[in-house]
Structure formats: C-alpha cells, structure tokens
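The chains carry the letters A, B, C and D, assigned in the order they are written, with residues numbered from 1 in each.
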Amino acid sequence: MQPMVDVSPPKWHLAHTSWFFENFFLLSAYLPNYQPFHPDYSYLFNSYYNSVGNRVQRNQRSTLTRPPLREIYTYRQHVDTHLNQLLQNLDKDDVSELMPLLELGLQHEQQHQELLLTDIKYILSTNPLMPAYQTKPIKNAEESAAKATFLSVPGGIYRIGYTGEEFCFDNELGVHEVLLPEFKIMNRLVTNGEYLAFMQDGGYTDFRHWLDEGWAMVQQQHLEAPLYWVKQDNQWFRYTLHGLEEINPHEPVCHVSFYEADAYANWAGKRLLTEFEWEAASQVYLPGGGNFVDSNMLEPQPALASETGLQQLFGDTWEWTYSAYHPYPGFSKAPGAIGEYNGKFMVNQMVLRGGSCATPANHIRPTYRNFFHPDKRWQFSGIRLASK
Amino acid sequence: MQPMVDVSPPKWHLAHTSWFFENFFLLSAYLPNYQPFHPDYSYLFNSYYNSVGNRVQRNQRSTLTRPPLREIYTYRQHVDTHLNQLLQNLDKDDVSELMPLLELGLQHEQQHQELLLTDIKYILSTNPLMPAYQTKPIKNAEESAAKATFLSVPGGIYRIGYTGEEFCFDNELGVHEVLLPEFKIMNRLVTNGEYLAFMQDGGYTDFRHWLDEGWAMVQQQHLEAPLYWVKQDNQWFRYTLHGLEEINPHEPVCHVSFYEADAYANWAGKRLLTEFEWEAASQVYLPGGGNFVDSNMLEPQPALASETGLQQLFGDTWEWTYSAYHPYPGFSKAPGAIGEYNGKFMVNQMVLRGGSCATPANHIRPTYRNFFHPDKRWQFSGIRLASK
Amino acid sequence: MQPMVDVSPPKWHLAHTSWFFENFFLLSAYLPNYQPFHPDYSYLFNSYYNSVGNRVQRNQRSTLTRPPLREIYTYRQHVDTHLNQLLQNLDKDDVSELMPLLELGLQHEQQHQELLLTDIKYILSTNPLMPAYQTKPIKNAEESAAKATFLSVPGGIYRIGYTGEEFCFDNELGVHEVLLPEFKIMNRLVTNGEYLAFMQDGGYTDFRHWLDEGWAMVQQQHLEAPLYWVKQDNQWFRYTLHGLEEINPHEPVCHVSFYEADAYANWAGKRLLTEFEWEAASQVYLPGGGNFVDSNMLEPQPALASETGLQQLFGDTWEWTYSAYHPYPGFSKAPGAIGEYNGKFMVNQMVLRGGSCATPANHIRPTYRNFFHPDKRWQFSGIRLASK
Amino acid sequence: MQPMVDVSPPKWHLAHTSWFFENFFLLSAYLPNYQPFHPDYSYLFNSYYNSVGNRVQRNQRSTLTRPPLREIYTYRQHVDTHLNQLLQNLDKDDVSELMPLLELGLQHEQQHQELLLTDIKYILSTNPLMPAYQTKPIKNAEESAAKATFLSVPGGIYRIGYTGEEFCFDNELGVHEVLLPEFKIMNRLVTNGEYLAFMQDGGYTDFRHWLDEGWAMVQQQHLEAPLYWVKQDNQWFRYTLHGLEEINPHEPVCHVSFYEADAYANWAGKRLLTEFEWEAASQVYLPGGGNFVDSNMLEPQPALASETGLQQLFGDTWEWTYSAYHPYPGFSKAPGAIGEYNGKFMVNQMVLRGGSCATPANHIRPTYRNFFHPDKRWQFSGIRLASK
C-alpha cells in the first residue's frame, strides 16, 4: 500500500534497486547475450528516469499487487547472479567504465535501504494497530544528554565539496570556496525535552516563530507536535519502529519539518546553519562516533553526557540546514539517465546533512547533501542550532 | 491496495463478513461468555454502521497491512466455530429473534462474494501486467445472440415489493400498487456489437444523447468506451477476470454507467425501463435461466438464439433502471444498526435489477433492488431497453 | 464576482436573458436583416446550450469584467427595440411559430429574476459587511403562525402534469395518472421555531436522522443550522436581503438543503411528500394566497393564524419533495437548443414545488417542477411534512 | 474579481495602500484624536499581517463588492488629508520615529502600483474579449535588438547588500561579503526571437532541459509558450496591456516562470546568474538607462543596437536568478507588524533583480531583492544568461 506519494511499497524498493543494475547499461551493455528477467520490469520498476522510457506513475506503485514478493526475490537473485558472472569475466577495458556505474548502483541501494525503513515506519504508523517492526527494545546509551553549548568556528575561506578519491555523488562536485564569517554551532542535536519546552510555551500557536508557509501548514493540518507524536491521557508518546513508546526527553527530536526546525530556532533565539557552515564545522571539529543503521537501534540516541566537542554530527538524525538545494558553481549534469539522478531536483528543496540512525555508516560523508521539501517529516530529520 | 474508494481490499471483505456475525448482537448477545477474537476488530472491520461505533474510514482500508491474511482466516474460523456452537445449543425462545439476523448475515456475505469479484477485477485491471484471476477460458454458450425484439407488457395496476415468506431486504418492503401504462420491453440485454455501433456512430462525441452530468463525465474523463475496454492496433479488447480478451459482439455489453446506458437508449430511439416496469415485466413473462456466479464463467453470456421470450432478466448483468433508489411508500427503517443497512442510502443512486454473472443464483429475486450512483462502472452493469 | 459555481454575477443574468431573445431563432430568424448587437455576445452569454455553440465556462462568468454594466443595458434596449419591431410587423404565418418561443423567453426571464435575488443574497452574504440589498424593513403579517395540523388527502388515481391551455414547461408534460394511497399533509410550512427545536434537540449531531450523504455533508462542512444563520452572543440571527436580523420563530424555515428537510422530517416522526402527493393535495384543497416577489418583502411570511385549510402551498418557500427529477412517462425532448432547456438535467436532482417569496406570482402553477441537487441551500427552500 | 489567489481586485489595492498608512501606528499613534475612517476597514484591507489582527482571507478578496469604488476614493482622501495634517504639525521628537514608517508606506504603495498593473493585465487577459487597458500603441525604441555578447566579471570578494543612506528594505541588510569566481554575463535580456528558437527546437517537449518540477508543470498545464502567448492561424501573438499584438522578436521575452528561464538557459548551453553575481556585475558595469513605468509603454523594449556594455539591467523585465530568497547573514526581523513585511517569506521563492517596465524608476536599486515562487508567470519576468 502507498499511504502518500512520497512512500513506496517495500516490494517496489526491492525490485527497483535490482532494476537499477539491470538497466543503466550494466547487464544489458556489458554482459553478452544477457536476457532481461521480464520484458515489463523496465517499465514497472523505473522510478523517475525519463531517459529509460515510460514508467508506472509514482503515485500508482501500489497497483503492483503482482508480481508477488517471491518473484521479486527471484528477480533480485537473477540480477545478482548475472552481475557476479559479469564481474568474474570482466574485460580490462571495461573496468574503468563499468566500476563507477556499479558503485553508483551500490550507493543507490544503500539510499533505498534507508528509504525502506522510513517508508515501512510511515506505512505501519497509518495502521490503527500501530504494529512494531522490530520487537527488540531500544537501548538508550545514556540517561541524560550532554549539556548544550555552542562551539566557535572561525571566519574565513572554506573549501566546499568532495575532493577525495572515493565515490561521491555529482551534487557534491563543483568544488568551490566560500567566505564565511565567524559563527557558533551547537555541540549536539536538540532534544525531545527541549522541543517539548517549545511546545509547552505555545510554539505551535504563535505565528511569530514561523515562516508564512510553515504557519499555513500548521493551521491547515492542525499540527501541534512532530510527526508520529500521539497524546494519550495528557502524556506524549511517539510511534517508533518498536511500537508506541513514551517520549524520552534526552533523545534528539526527530521527524520534524524544516518549518518546525526553523520555528524552534526562532523561538530559542538562534538560527539554523547553512550547509556551508555545517561543512566548515565538520572540517574544524573532526567529529567521530554516531548512531547509524548498523547499530540496529533505529532511533536517535542521546548525546553522551561524558563527552565534549561536536557530537552527533553524523548519524542519529539528518540536520535541516537553511540552504536551498541548488547546484554548486560549475556543476554539470552527466549525459543520459545518470544525469537525472540528482540535478533535476535542484529547486524547492532544502539541504540536510549528516545522515541518521537509518543510514548505513559507510554511506555518509562530510560533503554528503541530502534534500527534501521543507514540509516533509517522514525522514529521520532533526535540528541543530547556530548562534546568531 | 485500494485503487478507488468504492473498492475494498479483498482481505477486508473476508474480515468484514465475519465481523458482521460477531457484531450485530449475534455472538455477543446470544452466546454466553463469548470473547471477541480481538478487541480492535470491531473498529477495524466496521463498514458504515455509526451505531456500532467508530471505524477505519472507508478510504483508509488499505492501511490494514496488518493483521495478515492468515490471521483473518483464523478469525473467520473462530467466528464460524462459535456460530456453530451457538446454533447447536440454541434456546427455542431465541430462534425467532436470532434467525433473521443469521439470515441477514448470510445474505450480507453473498453480497460481499459478488463485491470480492468486482473489486478484484478492478484491482487487477490497474496493474500494468493485467493479470488473469482465472486462467480457465470463458466458454460462450452460443456464437450468435438472439435477435432483438420488444415484448409487450399490458397497462394496469401492479403490486410492487416482496410478498413472499422467505428472506427479503427491508428496501423491498412497503409493498404497494402502481399504475402503469402499456409498454414494450426488449427480449434480451444489449450486446457489445450493438454498443459498438453506438460508439462507431460517434456516441461518445455527440452531446445530444447525454444527460448533462453524463456529458460532463465523458469530457472530463475522456470516455470513449465502457470500463475495461482497451484499444490496441485499432481493435477493441476488454479486461476480464480471464485476462485481456477480444470483444465478443454477441455478449451483453457490461461495465457501463447509468449515463452510458441512458445515452445508448437515446441514440437507439428507445429508453430505459423504470424499476416498476421491470418488476411488472417479471410478473408477466416469468423468465427462467440466467448465468450466475455458480457457472464460474464470470462474464455475461450471449442470449440464446434458439429461445424466444424474455431472456437474461436474471444473471449476466445488472440492468440499470431509470428509477431513483427511494423508499417505497410506508417504508420504515429498523431500529439500531440494522436500520443503517439500506435506508440511509436512499438518495442520489439509481436502482439496478436482476443480478449478474457475479451474483449467487439463490441470492436474487424479482423484487431485489440493487443501487449505485449513476457514474459507477465497476459493477457488472448492463442495458435493457424499453420502447418509447 | 462569483463566490460559487451555482451563482452568476448579476450583470451576467441581465445580459443572458436578452441573449435568449437574440438567439433561439427569434431575432435572427424572424426579423429581416437583423444585426446582432455584438459578434462575441453569443459566446459570452450562452449559459448551457451546446446547440448554440461554445461558451464561457459556467465557473468563469466573473471574468466578464467587460462589457461594463451600461453596455449591457444598451444591449437589453437594443434587443427590446428589435423585438417590438418584430412584433409590430409580424407576418401572420409566423405567429404560431414565434409566440411559443417568445413566451418561453419571458418565462425564462422570470426564472432569472428569481435567480438574481438568490444570487445577490448569496454574494452579499459573503461580504464581511453583510450589507442590505433593501433597507425597507420586513413587515410580518402576523405575530404568531397558524397551529400545525395535518389534512387528509384521499387515496385514488390522480392526473399529474399540465393539461391547461396556457404556457407550461416541457417537464410538466407527459401527463399521466398515478395511483396514490391516502396520506396527510401539513397545513403550513415548518417554522423557524420548530426547526430550532430540532437543532436544540441535537438534530445536527445525531446521525440517525440523516441520509448517509447528508450526514457526510454535515460533518465535512460542520453544519449546525440553515444557510445564512449566524450565532452571536448565544442568539441566532440570519442574513436576509434586509441585512442581519434576529430569527423570527413564526416565519417558515428557509435555505435548508433536501438533506436537512429530510432529517427534520425523520426527527419529527414524519416524512416529506412526493411530488405526486403534493400535486394531488393541490387538486383536493385548492389553496389560495401566498407571498411572492410581487410583495417585495423578500422573506417568507408566517402562516395566518386566523385561517384554516392548506396554507402557503404557493409562495414563501419552495418545498423539497422526496421525488427525483425524472422524466414523466412519454416525455420527449424538443429538437434543437430548446430540447436542452430541461430534459438533460433529469438525474441527481430533487423536485421542489410551489414557488417562493422570490418567485413572480404569475410564474407559478400547481404542476410547476423546480429542481436542485439535494445539497443546495441558496434557494428559498423550505419544508412541508407528510404524516407517515 | 479575483481570477487566481495571487491577483487582487484593483479596488483592494487602492484601499490596502491607504490602510497601510492608517495602521502601522502612523495616524492612530501620532495624530491626536484620530478617528479611523470605518471600524471594519482594518479587517477588510489587511493583507497578511497577523500582528494587526484578523483579516479577509487572501483568496476571498473578491467578496468585497462593497464598499463601492467611490467610497474607497473617499477613504484614500481621508487618509491623505490626515497624513498632511500630521506632517504639518509634527513634533520634532517624532520625526525620527515617524519618517521611516512614512517612507515604508510610500515604498509599499509603489510596490502596489506595479502589482496593480500586473493584476489588471491578468484580469483582463481572462476576459474572452481581451480588452486593452491602454489604447496608445507601444512605441518600440528600435527595430532590431543589440547583438548578444557576454561580458566578463572578475572573480573576487564582493560586498552584497545595501550600504547607502537612503531607504532600503530589511531584506537588503545583513550586508556581507561573498567570494565569487570569474563569470560572464549576457549584455542584454533574452529576446522573444531567441525564445521562439527554443520553442521551435522542441524546448517544451524535451524533458532534458527542465527541472523535474518544471517538467511536471509543463505537462500538467500543457505549456508550450510564455504566459499571454496565443497562437492564431499558426502565428504567435501575445496579450499586452494594449490588447493582443503580434510577437516582436526584438523585445525581451517576458512572463516566463523560473522553470522556463532555467530550461531556456540549459537549452542555450548557459545558465542563470545567482543574485550575488547579478549584484557584482552591477558594481562592475554601472549600467544606466532602462524602461520603467514612467515611460508608460508598459511593455519591455528592445535593447539598443547602438549601445555596448551592460543593457537593461534595470527596467524592462525582472530577471530570474538561481538564488533562493533566504536571509542574508545577520538578518534580523523588526519587532511587530513590520517584521512580517519580508522575513516570513524567506523559503520556497527565487530572487528576481532589476525591476521591470511596470516598476517606478525611483523605486529600484542594485541591491533590491524581489521574490516569487518559481512557477509564477504573471509578473513582468524575463531572462538574462551567464556563461558557464
């Protein structure tokens, strides 16, 4: 089922990630005599690549009640088997062409691993039974979060974008320098407890904290808390992948929109960072640790009270920045279908940085740019403040 | 999945029909110490009974990804077992109260058996693969349909409504007499071939045949054929429960809205019957035969060329009448939840008569009143004409 | 301005009624060398006649900020002058053809005179200033309304439809007989006071009184009173063409939908009449009097306490019947544009009878069939009950 | 009338601009014993200031059929008279507080003078008669536009934002330095002729040129040309304030959305400027001239073929930049209602620079930031390119 257009049926994610390897010239172009698993799958499991041809409309993915799940697994195995075959017999001349595509396919699958979790969470949350995805309880690292402080980042010229030798997405290129004035960055993510203080202070009923379109959203949707928060007997709970749980005030607040993040910052007398400030801070403070999907806790964890420095910059929750998702200077789209991967979305969305508790640890980088519309809340998205 | 609000997920039908027996005072009221299968099911599987309490909104039934199908089957077995237990130990005093409820529950389940087929057909038709529900080919009774003629029904006073001793729905009561002038009724259903002539004569492009709201629907939805008809390489096919098949010109046309039925009648220089004329004709001609779900052909069949008289009055397709679904004189709603079964829908819908190839043979009667909004097309609905 | 699709700008009504005489073959067909006033007006002021050609979409009538009002008046004068010219030089052979068209044009203009008032009322009611259209105060005939009683109408066969020699609309033809059982009809319209009792008894919060689609409308639109009712300081007022006024409990309730009329009847343990019962009662009781637009009071008036018999059958408020607006037996549409006048609307609407305080007195007849969708409330529509 | 939510009725603009002086503490706070013209006007003519209280919803402005236009003019005179009175008797202590508010009110009125023209143009364009606002023909400066060239702007650190002594809006503050690489800027605006080449090359049918949301807009709205362009007999015309006119290939293309501007730039192998690059170029090239509302031509004019250097940077058309409308570093909102003027719109909109042929000449500055959503087309918005 597909409760909103942003969310895809899990079965679709499973098929689409293998579809990516079958198309994009990998198996068809490099494996001699390769036969596609099914003539309709190119149509069924294309997400948004106009270059690849027609496709099932994004809001129609729940029509795919067939093929059944077991056939999708057979499809995945078929693609994997042939990919292995291709890799074992690879012509040396092809390596330099093929490897970047293969790498892109793997990175793409990691992105869908995260989406699988966010989408399953949303799907199950619409079910009146509010079922748990994982029955293992969340183990929280600490009982109380680190005290909030603000760390100074000196003004100056910073290099932005990916300059390493490993994989990066095209939207991290167009490496360039930016001139930043000095600023201060919060040492950890904003907690549920801090956000509750905003709520209890009338945060959702005072227009002065809000951007106009955020305020319109609050009023039209009668918002009064982050997504998944439920009030029962005058106490706040939240739906998690472990089922309905009491709010832990020490955990980072999560599933807020950009509008909520910005309103909270205004209420607190602070502001959000730009993506350039965020990236500069990551160069100055070299943060470590982080709670990723690898821990299998599937919830953001409290910052360590025992630590100083810049915590939670990676993992736990994506951090909304006050930067529109635009091309870097000199950015250019690749030709063909790969050029549709990122570039065509560079309007109306805001950049998020740092990954979340649903992101694979080896998928994230200081230069990684995630992006969503400012009203979206179903991602593991949270808040870090800058001092004005 | 739920591709439109009229269609429910098959799993929901399975649970809702057992829900009907568990609620409506059957198990809870008559079986001592009965424990409901699950405390939430009363909420999950209530269709539209305000008297029974809150419920999952009709357009949200696809949120019920849990409970899984196997648990629904356990639920059905649980209800069946306890119903048997109740019936075997029934107090004689309770028989007269309980039996009508039990009968209603069985009739209700028959209605959902038909809806299961119409809904599955719609769901599978949205799938780009157009999969077959039943691989057995349709066996058509004859190669050519009976010649169309019009049979005369004398004017006079007819008794309308159910006067027998068996089960009927409350909407068949309020038995009363109507005065009808003489009229002529077509001996069989309109065929695909006849409807194609309407289409080829520009039926969908000439406003003069159409009611204004029908014409608006034609233009907004760009209609040019009945539901499930698909043109490929200049030839018309239709999606059936057996997959995509060529149009058989001898079969009754099916899956048309009231608007299309009325436009066809206008084009043909005829009109639709009222429900009173239809019922009067059934008294005059005592029709037999009919193709029901029991034949498992799941498609309307050609009228027998070898027969005379009034054919296909029952089975094959529901017949749109030009009668609004209103209460008969003296109709009164039962108290409580049962009163919500039929009466509250008595506005904005048109009456259909006679059952279809998806109706159980022992479910239909000459006085049976089915009803749908005039734009609906996913039922097995067809056309019979009256002469002006 | 056009606050909803049902309402047209007053200027449009003024032009459209003259448009009717210019088109429909009157001036163009019968007056030699007639030059249309403006080549675009046929397009601008066509309401819904597909036969006459393209037109401004119904919901786009407010785009006509030009031509200005003074030009519309010039247009009206131009048409009137030429009509007079035509009438004074009329060839005798043309009289029999032309007079019915001319009569239809005049009747059409009377209908728009009523619509002008209902539309102006709606337009002004959306203005936060709630301005008065007419400053003259309403003079109510009596301080208290007649006591409610129910008058008996004997069962039998009644002739329905227009059989006279004067003008009638085509939807009154297809004169036919209906067989009716005995019933009782309320002697006057339901009053505001009686309707308030329904409201105070929780009428708008108890689903049991309502048709399902009526109940959905109540909940979606948060209805709690008739259209134009406003609660201020715990007292009910209503917007009238004289401005905002206190509710007069003796006046007939007005601006209710069919759903509200039906819910009120259910709450009161009564029902609405069918249009056939209404017409039969008008034959049995020969009612007189009535408050029409001619009185210029523009509000329904209390029934006379001093009178007995069937009051208010004509004038004051249109009376919702529980009859769908369908063709009478033998009804046939005229060829050409005139055939679009009534016939194409014969689905999804309910019949109202008797005229209102906005209807010209010489426009109404016992056989007159008005029709609106069951959710409409901006007409002067009220309630008369039948005893079950 | 109000054909879309962005457009206000002209009468509303007239009242709202005087409303601004009456509220915002000018007359009420500084003129002793001032009586507001009408107690409801504060409610009727508030645009979007939550701080000032409730208001007529933005999409409901056409409900204000009353007060009539003559009363609005009386209101304007009332406010002007009292403002003059206030200014003549001004306490010296109040001057420093009051003058910035008065200046803001005048600048505000200039903005609405431009909106009046863009809104009247849109309103008249929806009228099937396509009437002219101004019958005086457009006099185009030259027969052919200057040849397109690209002028180099050196890389380096530029100061952004307003540093002068005169009036500026708060969104121009937060003066800061940006580091820019070298770039090239087009010497004039893109012409209709150049844009036609894009159209004729299939610009509106090739997804590769478009941002994804722009492409969705093209398909949903079936776009194939700028707003107001109409094809008749295979030739393109455009609706102007002078009526329907043939496309002049030498005039700047106008009434394009950001999506169209960006697609055109991609097709041309170029890109749009950022607002920082635009402002830097204005510092390097010191452009002069420009066609403003003062010329009363109300259409963008061809660039002078006789001139070199940076033309049309001011006037003619607003220029879409590829910069989101976000706060400058250190931006802070004023307290109270004035704080709602600009800051709360700083999301989801793109910056436009330079003013248009509908802008008063003395209203524009090199640092002036206009902003609209990327799909908007009813402003006089055009295109200037940067070389990649």
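Keep this in mind: contacts are C-beta pairs under 8 Å (C-beta built on N, C-alpha and C of every residue); 3 or more make two chains touch, one makes a residue touch a chain.
No experiment lies behind these values; they were computed from the predicted model shown.
A.B. asks: Starting at subunit A, figure out the least number of steps needed to reach subunit C through touching chains.
C.D. replies: 2
A.B. asks: Mind listing the chains that sit against subunit C and also against subunit D?
C.D. replies: Per touch definition, common to subunit C and subunit D: zero chains.
A.B. asks: Could you let me know which interface, A-B or B-C, is made of more C-beta pairs in contact?
C.D. replies: B-C
A.B. asks: Just how far, in Å, is the C-alpha centre of subunit D from the one of subunit B?
C.D. replies: Computed value for the inter-centroid distance: 58 Å.
A.B. asks: Averaged over CA atoms, how far is the centre of subunit B from the centre of subunit C? Could you give it in whole Å?
C.D. replies: The mean C-alpha positions of subunit B and subunit C differ by 36 Å.
A.B. asks: Would you mind pulling out the distance in Å between where the CA atoms of subunit A average out and where those of subunit B do?
C.D. replies: Going by mean C-alpha positions, subunit A sits 47 Å from subunit B.
A.B. asks: Let me make sure I understand the interfaces: which chain pairs count as touching?
C.D. replies: Pairwise, the chains that meet the contact rule are A-B, A-D, B-C, C-D.
A.B. asks: Which residues, counting only subunit D, touch subunit A once they are in their complex?
C.D. replies: 48, 50-51, 157, 176-179, 181, 207-208, 210-215, 258-259, 262, 322-324, 326-327, 329-330, 332, 339, 344-348, 350, 374, 388
A.B. asks: Please name which positions on subunit D make contact with subunit C in the complex.
C.D. replies: 1-3, 40, 43-44, 56, 60, 62-67, 123-124, 126-129, 131
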